[in-house]
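Read through the structures below before going on.
Same chain, two partners: chain A is paired with chain B first, then with chain C.
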Partner chain A sequence: MTVFSALLSHYRRHPLQLLALALMIVLATMLWTGVSHLTDRARASLAQSERAIAGQQELVREDGQSVSVQDFAYLRRQGLCVMPWLEVERPAPEGRVIGVDPFASACFGNEAPGQARVDALNGEPFLDIAEAAEMVRQGSDGQLSLLVPVDVEANAVPAAFRLKDFSMGPATGELGESFLLNLDALGVLVLLITALLVRSVYQLGLVQRRESFALLRRFGVPAARVQVLLLIEMVALTSVCVIPGIWLGRLLAEILGGGFGQVLESLFDAPLYAVAGDGFVLPALVMVSVVLLACFADKRLLLRLPWLSGRQSVLWFGVPVLGLGLAMVAWPFILGWLYVGIALVFVAVGLLTPRVLSHVAQWGVEGAGAITLWQRRELAVLFRRLALPVVALQFAVAMVLAVQALVTTFEDAFEQWLAQRLEAEFYVEVPAQSAVEDGVRYLESLSGLGDWHLVQRGTTRVVPEMAGDDAATSVEVDLFSISPIGPLVTGWTLLDATPDAWEKLAAGQGVMVNEQLARRQEYQPGDPIGFALGEQTLALPVVGVYADYGRPEGEILVAGQILPDTFNTRFQSLSLNPGTLAMAEIEQGLATVWNTDQLTVRDNSSIRSLASEVFDQTFLITRAITVLTLVLAGTSLLVMGWVFFTTRAWYYRLLFVWGLSRREVAGQLRWLAMFLTGAVAVAALPLGVWLTWTLVSRINPLAFGWSLPMAVYPGFWLEMLVLCLAIGLAIAVLMRRQLGAGVAAPAVANVSGGGER
Partner chain B sequence: MTCFSQPLRWGLTALVLGLTACSETPESAGFAGLGEQVRGETFAQPARGDRLRFPEDFGPHPRHRIEWWYLTANLTTEQGEPLGLQWTQFRQALEARDPGGPEPEPGTWPLDAAWMAHAAVSFQGQHWFSEKLARGGIGQAGATAEPFEVWLDDWHMRVEDDGRWRLQVSGEGWSYDLRVTIEGEPVAHGGDGFSPKSASGEGSMYFSLVDLAIEGEVTLGGQTFEVSGQGWFDREWSSQFLKAGQQGWDWFALHLESGDKLMMFRLREAGGDFLSGTWVTPEREVIPLGADTMTLEVVEQRDTADGNVPVQWHIHIPGRQADFDVSAPQGQYWNDGLFPYWESPVSVTGSHQGEGYMELTGY
Partner chain C sequence: MVASLLTAQGLNKQFRSGSQPVSVFRNLSLQLDRGESLALTGRSGSGKSTLLNILCGLEQPNTGSVQVLDEVFEGDTDRQAEARWANLRRQQIGVVFQEANLMPALSLLDNVRLRARLAGRNEDDCRDWLERLGIGELSGRFPDQVSGGQRQRAALAMVFAMNPALILADEPTGSLDRHTAEDVTGQLFDLQARHGCGLVLATHDVELATRCSHHLDLGHLPET
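Moving on to the complex of A and B:
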């Protein structure tokens, strides 16, 4: 018999231990693969969602007339790739449909706007343009646009036409980027949880094999050789287990994600789930590396840090590291610094949690009865002996709490963000060369019209140093003017403001700035801000800071009345609610006063619902990640807990000797298991809340210059607690069966490392 | 003949109607569904006895379902290297319309016809191909007999003031700009212009211009070549082109150094192939060739990316003392559009020397 076969003979005698180790590697691989697969899909989904509603280009006539089919044919004959886009608005429930010409969109390739491909012409929302034209002929409102690929440049456009931005909805900009960055951070966390799960089961295995190692040593086998053989054994076992793990992880991700697929496809008939290039090699390599690191890193690294073992050492090391990590996250300089801080916090929490819980379990135990004493001491042992799975579940629950809060916060922020931009029901562009005053006078003359305001946009230069208008230090920002300041904007949630901020803004006695500008230039409400308006420079106090998700640019909001005639307005529009009037009537009136038949009118509610639907799907996928993480981490704890409790079955049987009935023993076990898992949930809570805060309030401002609002969801905390208690209950039920299955030999308990008291 | 309008039928109609394309084409409908039976009686079907009319027949035939304009050219560069070139524009009607009747209003984005254009260049064993699509009735694509013009987007063939035709095409990284001088009268196939495609009477109206002198420029990958040579132009229209069960065809248009011209095709079907052709003498006497007057045999196949293709053929026409091989040059000449097919220049060796073009479908 060789040394290797002697080593492996342990598993021949204890096949269930090999099965448990293999199962844990499969589960861990499944967790990481599933989560990373879902993350990739969320990323792909978000990217495609953005593409679906992202800005395009259109060609409009220089003379202001509407584009026509003749223009389309002319432009195509000039060699331009142009596709028609006929939006038809119909009353509910039919809603909006878009007529496209699949022949014309062929030259866009895969970049056809809205994925308006051939096989998508089913009316949801795309159909053949002839059908859309027929709806218009029968009385529906329709607007024809001629889209060109985004890479078409102005010098390629015939003289009678010009390029103009075309959007099916607001671009998400950095909001989406931020979401993806946070997903990446969570992916790393999942990998850490995976490593902890593997390490916990491996260590349990080593303890169970202690006798075998001792025997080998007595036969003269050097410890180093045993180490090498163990390494080979783990490489072989991991290599075998990662394949089904990866496959199962993807299968699980498919099942979790599959339900959403059809919903997604119905939005734009786009396979929003497709993630190309799924290979086995990379995930397999990652998992083998993680397993080897988790199992053997301590042989090289931790042995050089002998002071890390022992209760006092852990405290002496863990507490300062925790403080350092928290400080680094609280006052981060750069993103990398922040991530190091997060890593330190996790290391410290991982070291401290079992010790702290163990300590808490024995707190106030003096003078207690024998059973209570036993109960508390047993719990303390469990916390120490099950440290790794306990920490793994703690991290998993914390991550789930953070992801849930993050996703919910993102959803809220997204809704808010949409609401800010699409406050009014309709949005009418003021045509070039038309006098905006004519439109304003017309609206003022209407009775029954709902809330409305004029939006004017341009750029200005902010002068940070008020004393000298030094152009060298000035920064260019967007200028956003509204008049009148009315209910369409006063509902905005301000991040910070002086009293009566809206009134001061309306009176021209102050300005508001977006969060990006406030952070960059460190403006607080009450600070003066100097900026150029046309040929003059104004100095007004900042009266409020508003959230402006997803934009890199700084922006100043002013009342329209302070804009001088010399201000170069780049864009003007009217946002309005038609009130008791028909929108068609208002449109007609504005077209008449502006003497044009080309009026760009956007129905903001349909854009908002479209955008919301698309992004809802992305958030659903992200939620699936949390479910997957929790299920697998919970399963791991269940398996580990059961195995460990089994090793201590002999001690639990002593309770019978002490005179406890079977029912009372079962009750003790139930108390132990549920207290253990419940404590994990409670320990995970502060970490989860802290992680949420870090994601929304630290990573985002550093990466993008704006923060997301922090929110907590106690209802969800309760759900997590119940779930953890359910895991504890399941362990107890399994143990009750175990205790009834015959007498376990004390030797087994000793070999398995359950002998500690 | 470049019998290609049915790809439009199955390709573009499927595009528009959101149906699947060739995967659902019934086997009996032949290559790209060309043997699909016409439903309804609205389209006109050519029949023996129909006559050609000029110049009207250079323009579209809206009462017929399928038609095409087709040009091939065997050119040489200034350095004497051979260069082959093809341009085809197809019209596929979805509704029949009287030629004098009202045209659909463009503002309705009518879908009474779909257009497709193909262009290819073969040079030094390489093949460049591009495809364009358009709906009819809106001006993006179309054809007129007088003045002669066929266009789709910025590709067009049209008569210039000097009476020559100009063909301008550009693909991705390549283009050509040619001037075509037409010599001789149109050659009517099938005797009077009706070209049968089966023993049971399916067929098309078909004529060719076989004496085209071509010169111009071809640009490939940024390098421009001055080219000149000879070409062949086909016009063909029908409503029921193939009969059910015909799977594809092998078609040849050859310029022989003797001054003779030969058009020959074989339609493949299970019960026996249908063979037909036209011999044009140097004096431009047009002699229809029946199946019993000639043989066409495959000599060599070539393993290509899209399957085995017969690239060398033997043609024997005892009545014309013609006994020669027709061979494609080295390379792969698939037009990889909606329905891939083989389109290559060929050389003639044997009793006659010459050059020409070969089109193979359904492989």
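Moving on to the complex of A and C:
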């Protein structure tokens, strides 16, 4: 029998503890690997998609007709570097494929769009243009674009064509960043919680092996050697457990990958590419490091920070850190500062929660009866001795509360916003070079047409200080005009407004600004705003602030009537309800007056449902991951609570010896366990609400320029409380079975010593 | 006729070791009146603790009957019998184990108060009991802050604070040094005599057994 086998003999006697530790490492690895793998794939996919279209431009016909193969041939003969790009919609699950011509792109040099992906992505979604053309011939919808390098200038373009920025979809860079930031933060939090859980199970094992360590020391084994052996034990165990953990994590990522891919495809126009994983080495190294750090870091840290190991010193350290963290979040200067503040708050809450709950449990017990006194003192001990799983569950519950509130708020706000923006049934793009007035006159001539308006977009410069109109301090923003201002827009929910805001806007007596601009330039309703329109500068009061989720740019909304003829309109569209008329008839009429055979018409209801579906899928993943984290934390507290209660089983049996019936003892256990877990849920609530507020009111505005309304969902709080109580009940049921089987021997005094007061 | 404090008749106890039945004791009978004491001796595993557990209802015999005061148990294992046993343990039977008789989260005084409260006794006397056993000045300390002997004295204070009719002590001085053990047992016998309660004491100490009014040697190892 060696010292090492003597140490391991503990697990022969208590295989459940070894199983719990192994299970925790496997689950932690699985969860982190799953999140990390998905985030890596999303990041790589988005990056590739961005690279595919970044900085590209295309040639379009001046007459609004679609470009053709003949146009391609003509342009090549003119000496222009042009590459055909044929997008073909394939039925699900294949999705969109893109036909490119690598030979034609040779003149792009190394920056040829699509070419790099053809090499790197094993063809998906890019393929040879001949194959794509064949698909179109067989009936698939296809759209041809002609791409030219970024250095081609307008004067080099033949007369019948013009340059246009090439884009595969809406500008979603910020949304993509938000999405990835969300996943990154989740990954870090998951890592933190899992590290806490592993540490808690490991530490409980140490407490129960304390007698073995003491015995080994009496036999002359130095403490340092025991430490080294424990380190070897953990390295071996972790090395074995991370392999199935990584495999399960990959499996989790694959299971979630379907919905995840759809999200990327629909939201960012980026398919989830089959990016090769990092293999097993990197995740294994990360998890072994995290586990070892979680289990052994304090051996060195606490020696250097003795002021953290005392009880009072925890309060002296924790309270100022909490105050500092809260202050940093309340008054953030930059995003990094905010994250440091959040980290400080979590550290302080983690240190303080067990102590505070322990004090609260004993609060007012002086005059209480003996049984109440015992209950409360026992509870206080449980809070202190189960500090780590208690804090882990608190963090997990808080995270779930915050994510749920954020997601639900975002869904509600987004859907409401989308419904308002897409109030009209149809959207018709005014072809370039077409006279918008012809279309407007045509619509005005129709009888039976429902509500409609013309949207014109361009850019302008806002002058923050009215006096002087100092161009150096002006900022460029988007300009968004609507005419006429009618029922399709007056139902928008405004974040802030003056009385009769819509009437003032319609009369050209004011403008509205989006939230991004209001935040950046600190505009309030009533503030004057100066902006350039064509060659003139207007000064009008801000009459309202409207929500504009997902866009980083500032925007001004004006009535179309104030736009001068000299205003450079970049984009025009009509939003309309056909009323009693058939949309096909209207479409035909507009095509005729604009003399085009390719009118872009969108059915807004399908866009609405598609967008809602996309967001449902986006947040389904976020929810799934947070719920998995909660399950892990709950399981940990269940296992830890059960194991810890078992160490005190003798004392609960004393109650039986002293004359309480089994039912009464079971009742006491139920009270203790459910109070313990219920208190965790209650303690998680303020942290969860604070985290929600931080996400919607601090992180979002700083990171993306827009905020969400702060909403709370007490129904969900109740669900979390019930879940925590169920965990407590499960502990009590397990303990009742344990006590029913009899208790062989009391724990000796030194096992229960310490932590009792 | 006045019933005796404790009567056990024809007790048999078996347990299984693998597939083999092991008999701990057969047809065992005993009787104890108020003010009397009974020493149970025998080798380790001879069934002393099992018998004590049966005498306070923590375990059930396979056959035989136990009578404590007016309560008679003849193989009853139903909820009613359990409630009657629980009531007896709560108010009339004080049990002292070799160690770990105190709730670790409570001070010595609060432990005594808890036991008195469960028995429905006056909590005001609790401090006096600690004083009488010589540990009054330690009343605010927690179990892990005092010595083993002081913990056992506190356990005795808990038992006497409930003013029981019967004390069952399972090697109460087994973990103490000789001097402390003599001190603690001296106080146990002294208080038992003064209060006139019955005492059943399981012990390996032959000298201690001779101080009891009766002696039952379970002597042998269980038979398979």
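Couple of notes before you dig in:
Convention: the second predicted complex is superposed on the first by the 545 of 757 C-alpha atoms of A that agree within 3 Å, B and C clash if a C-alpha of one lies under 4 Å from a C-alpha of the other, contacts with A are read in each partner's own complex, and residues count from 1 in each chain.
Simple rule for what comes next: a contact is a pair of C-beta atoms (placed from the backbone, for glycine too) under 8 Å apart; a residue touches a chain by one contact, two chains touch by 3 or more.
On a predicted model such as this, the values are computed, not experimentally measured, just so you know.
With both structures placed on the common chain, the touch criterion links A:369 to chain C but leaves chain B unconnected. Contacts of A:651 after superposition: chain C is touched, whereas chain B is not reached. Contact with chain B, but none with chain C, is seen for A:128 once the two complexes are overlaid on the shared chain.
Shared-chain residue A:377: touches chain C; no touch with chain B. By the touch criterion defined above, A:72 reaches chain B but does not reach chain C. In the superposition on chain A, contact is made by A:661 with chain C only, not with chain B. Once chain A of one complex is fitted onto chain A of the other, the partner contacts of A:711 are absent, as it touches neither chain B nor chain C. Counting contacts as defined above, no chain A residue meets chain B in one complex and chain C in the other.
Chain contact summary for the complex, chain B toward chain A: residues 12, 14-18, 106-111, 114, 132-135, 138-140, 151, 153-154, 170. Interface residues of chain A, counted against chain C in their complex, comprise 369-371, 373-374, 377-378, 380-381, 648, 650-651, 654, 656-662, 664, 746-750, 752-754, 756-757.
Residues 56, 58, 82-83, 86-91, 95, 97, 99-101, 103-106, 110, 113-119, 123, 142-144, 148, 151 of chain C are the ones that touch chain A when the two sit in their complex.
Contacts from chain A toward chain B in the complex involve residues 68-70, 72-74, 76-79, 84, 86, 99, 101-104, 106-107, 118-122, 128-130, 132-134, 137.
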